[in-house]
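Let me give you the structure first, and then I'll get to my questions.
We call the chains A, B, C and D, going by the order they appear; numbering starts again at 1 in every chain.
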Amino acid sequence: MTMTRWEMTDYGRANLRLACVPRPEPRAGEVLVKVAAVALNYRDKLVIDNGLGTHLPFPFTPGSDLAGTVVATGAGATRFAVGERVISVFFPGWIDGSYAGSAANPPGAALGGNYPGVLAEYVAMPEDWFVAAPHSLDPVAASTLTCAGLTAWFALVEQGRLKAGASVLVQGTGGVALFGLQIAKAHGATVFVTSGDAAKRERAAALGADHAIARDGWVETVHRLTADRGVDHILDIVGGAHLARSLEAVAVQGRIALIGVIDGVELAGAARHLMLKNAVVQGIRVGHRRALDDLVRAIDANAIQPVIDRRYAFDALPAALDHLDRGAFGKIVVTLD
Amino acid sequence: MTMTRWEMTDYGRANLRLACVPRPEPRAGEVLVKVAAVALNYRDKLVIDNGLGTHLPFPFTPGSDLAGTVVATGAGATRFAVGERVISVFFPGWIDGSYAGSAANPPGAALGGNYPGVLAEYVAMPEDWFVAAPHSLDPVAASTLTCAGLTAWFALVEQGRLKAGASVLVQGTGGVALFGLQIAKAHGATVFVTSGDAAKRERAAALGADHAIARDGWVETVHRLTADRGVDHILDIVGGAHLARSLEAVAVQGRIALIGVIDGVELAGAARHLMLKNAVVQGIRVGHRRALDDLVRAIDANAIQPVIDRRYAFDALPAALDHLDRGAFGKIVVTLD
Amino acid sequence: MTMTRWEMTDYGRANLRLACVPRPEPRAGEVLVKVAAVALNYRDKLVIDNGLGTHLPFPFTPGSDLAGTVVATGAGATRFAVGERVISVFFPGWIDGSYAGSAANPPGAALGGNYPGVLAEYVAMPEDWFVAAPHSLDPVAASTLTCAGLTAWFALVEQGRLKAGASVLVQGTGGVALFGLQIAKAHGATVFVTSGDAAKRERAAALGADHAIARDGWVETVHRLTADRGVDHILDIVGGAHLARSLEAVAVQGRIALIGVIDGVELAGAARHLMLKNAVVQGIRVGHRRALDDLVRAIDANAIQPVIDRRYAFDALPAALDHLDRGAFGKIVVTLD
Amino acid sequence: MTMTRWEMTDYGRANLRLACVPRPEPRAGEVLVKVAAVALNYRDKLVIDNGLGTHLPFPFTPGSDLAGTVVATGAGATRFAVGERVISVFFPGWIDGSYAGSAANPPGAALGGNYPGVLAEYVAMPEDWFVAAPHSLDPVAASTLTCAGLTAWFALVEQGRLKAGASVLVQGTGGVALFGLQIAKAHGATVFVTSGDAAKRERAAALGADHAIARDGWVETVHRLTADRGVDHILDIVGGAHLARSLEAVAVQGRIALIGVIDGVELAGAARHLMLKNAVVQGIRVGHRRALDDLVRAIDANAIQPVIDRRYAFDALPAALDHLDRGAFGKIVVTLD
């Protein structure tokens, strides 16, 4: 039996093609998953463009975030039954708490990078690389939890210990930002969203943002709206010079989760803000499997619907990547049904 | 009755003089403390030179870290009895946990800055601004806990939750660094000290440092000594470009406590280290009174002797400040006996 | 100028009378508060009946939970301006984090017990004994936060670190239980309420309880509803033999907050539940002032309306106490307007 | 090839015998370990006597705590190389943080109980069931970390967040108690040990106990020695009525780790101690693999030597069990060299 999957024959989007290959068999400890949806991330673009610093073994299949159904199990695989709906885990080896890796060579092996990707009709992978999908979401929505959903949850809940009445600021209206908004509201927080686009601000407000504010002068706006108190949690998805501004906006004993490096790969900002405020900058890279399980429970308990900007058919991956280039309001998902 | 105290009549060390003034009386809620020793900090130099950004009300008495004895109590002051030995609290208003202040105007009112200082034979201050001195230390040693001791404790223990077997790196051999070394050893940690001076490295090793290493190439040395694992806790007392190197040296899920800005007031370094390692940069500014009480207990329980580089007589303050300029191995203390 | 207040001339409800006394003046550091509402607690009944083990200085005014307005400030009192609305702090000396006290004589000095009470038209107390009232509540609702609201918040949020998707069980429909329900829902939790009264279960469901279940067989019901998983957080307001059942119902690594001793003053239950589940029983006694500030923020951010069973006029205190005897759905409040 | 191992043919010590069986081969993902030492626990006695409530599949090999050397690896097993020294993990499935299990049927599958045991010349088990042994210990000492060492570490460090200057009390001088003493001293704590035997108290003092006190009247002794403050951490290894006394002895905001049920399987004690002191009773059942890794690091960094009461040859297991019956000072270990 054969199946279709996306493969890169070299770096660059021009070298991405649909290939017909044998359907994999699950080996011992593995499950075979029929893929229903794959959510795309900005990282997928970078992997396709240049491998993100990794030497990819071509042909290489990108993509990390799938939702699908277990259709067969390998010897000794007992974690899921055939027919169970699952989503993938971004970092296969990070189960809970600590993770391995060295200061000199930080860990980073994820699906669709150092590990094979999921833009395929079927994948056969170790059963430990999946968690049960939420009951309340269809596959398109469920696929967005693996990376964007977990990143926002890990920053705000697992490491930020968010509580009701605290304030949260998310930058922009991409996938992580809108998950941050929804997760923060589910915890009773007051949420600020910045956007340079008035229409997107309106949509963010409709999703529950207490304050959808313009990007220009956002720090001053935050100071004004909070009577100078600042915000307790900032999801800094922009990085670079932007971090300097986040440091001005963060409240005393507040936390900045550094998630993105769109504007620059170097830290920037006045050290005195960190020191005088006893504040924290915490680097975030998605999160571990146990937190993904927690997120799934929270999604089900609160009927949170991830924001999907647009769905693309499996063979329309190039158009979906073009959409990623232009920026999305929430997530872009490739569907396989 | 009169007493002697140091006063600034304007910014600059030339405007520092000994003045004879009336001995203060303790008002309601205050205690009168006979000062026995005042430990100096780098900050005292900056306050004397330029007020550290604050408009000081002249004549102004600098100094924050005293050890002394309660000699009289004002109405309603019950926290200490006459005869009890006390040390001062750096931030009078920060009792425990959270503290007040805004993002726009971070809190920072400390003794010898926004509050009056302690380079005086007697001070009358609210009883809440003192804690009981450790039983095991003489006043000269006890006076060093208020700022340098608490800073290291707060970074490593209160916020770093240090445990035995973890690794700690302190930069240099100043007051905070050597407290970091001693506190880390008291918790069973493995300690790295960097110094550009071979003699100081020997002294650090004699104090218990497991690895006293040269400043040049210290990151590479750390990688080598830890088989690339890195160190779990770094007390970054240098700041500036140095932070970039700390980010390379820190272990996965490690913590960098940003304490000093000797080399630069701007953050620097590659964001990817923070993100890939899920690491933290935590701004530290001394700590709260409850943690100072905890430190006092730890000092007494472990017979830790703070490292005093040299004592100066009260009227030799200018020579003591010159010594601060040259750098000290541990603390410099002015005595009043 | 005079005012009215409730005074006990001896233990027992028969010795409670309205007295006309001079209106107090705020001393240095104090504020004078015009009382608008006083929420009653089960503890007030016990203090009136027998002093709860304390020798009360008669005449004694009971009551701990007030909402009111600052009408004058003593010398040096700067925390509140005249006209500001405040609520009282249950434990005056517990600001944040740790609190003082010995193992042999545990701390317990609270308003309306070891400290004077608030069932009076005016009280003059240290400014530190108050926090700003929430903007979104009238005085009757605001007065209920001091003890019942903070107890539930402290157990679930400050010490329980509740997160969305977790499950919470509260026992009964008294003041603490219904606050627990509302606070848990504000954090996105799934909430179980037990009650022996079908009408109260309906009202709990209307307040947002996901599962309002009968008291009989509640552990089995919980096991069934959770597929044997159990609940993560239990507010045990009953104590005694009931704790044994909470131990059966709590999830692996769950927490039981022990709050009440209605059914017995001795611990009970099988140790193996605690050990096999790595679970925790945490004793809760209200909470500290900083957490009360956090609760006020959460109340305002989420428009939570405390549940008031019935209001009584100031001179109807005996009828209000009779209502307490019968049990209430939420809180009973005495008003002074 | 054959090997020798201990097997039970039925419950009861009379049914324990040495058997000659084929040496196992490591399957995929497994390692073959040549066992050098097996530390015994009180639990082993109970498993042998009655299965501890589990239906054992006879013939059954008991024992959970081994130190040994990897002598072969199965397909895909990469965690250890041949020749590496390892110790076993008590709960194979508990890697870090959370663990699975239900409230109705708490988790408890451990080596030598629901899983096969290790009293054998060789064992073949999944590589995930081992961690690297400390460099500083011989196999006899290393084998004691798996259960007794980790139990004390988990209670005091992982969940108790012990810091220097805090006080710790351990009951008796068994394996967990003496590890508690050593781990607490490595963290700079002040340690109390209770024992009914003056000679054992002397030996505990020689190991570093600050206060080795008689069992009779131990609570009053603790109150006296601490000026009524109590102790911050208690390892309650006795349980039953003893817990009631621990509740009297624990400090405000202190923690009682409930570890043993020698004196009774039911909780006991006055609820008011928990509530008034905002104290915690935490059930402990050994701990997870990551904490065992942390303990190994701490052992190596601090040259902690576990206390071995006596070693027994492999064929002297019955005598070793008799010694367990009489009680030991530290650990009893069976050696296979």
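By definition in this document, contacts are C-beta pairs under 8 Å (C-beta built on N, C-alpha and C of every residue); 3 or more make two chains touch, one makes a residue touch a chain.
The structure presented is a predicted model; accordingly, all values stated were derived computationally and were not measured.
Chemist: Expressed in steps between touching chains, what is the minimal separation of chain A and chain C?
Modeler: Contact-graph shortest path, chain A to chain C, evaluates to 1.
Chemist: Answer with same or different: of all residue numbers used at the interface between chain A and chain B, are over half used by both copies?
Modeler: Same residues, largely: of all residue numbers at this interface, over half are found in both copies.
Chemist: Once you find the CA centre of chain B and the CA centre of chain C, what distance in Å lies between them?
Modeler: Centres of chain B and chain C (C-alpha means) sit 41 Å apart.
Chemist: When you check chain A against every other chain, which residues touch at least two of them?
Modeler: 98
Chemist: Which of the residues in chain A come into contact with chain D in the complex?
Modeler: 28-29, 95-98, 290
Chemist: With touch defined as at the start, can you tell me which chain D residues reach chain B in the complex?
Modeler: On the chain D side, the touching residues are 157, 161-166, 183, 186-190, 294-302.
Chemist: Within the complex, which stretch of chain D touches chain C?
Modeler: Against chain C, the touching part of chain D is residues 98-108, 222-223, 226-231, 239-240, 243-244, 247-254, 258-259, 261, 264-285.
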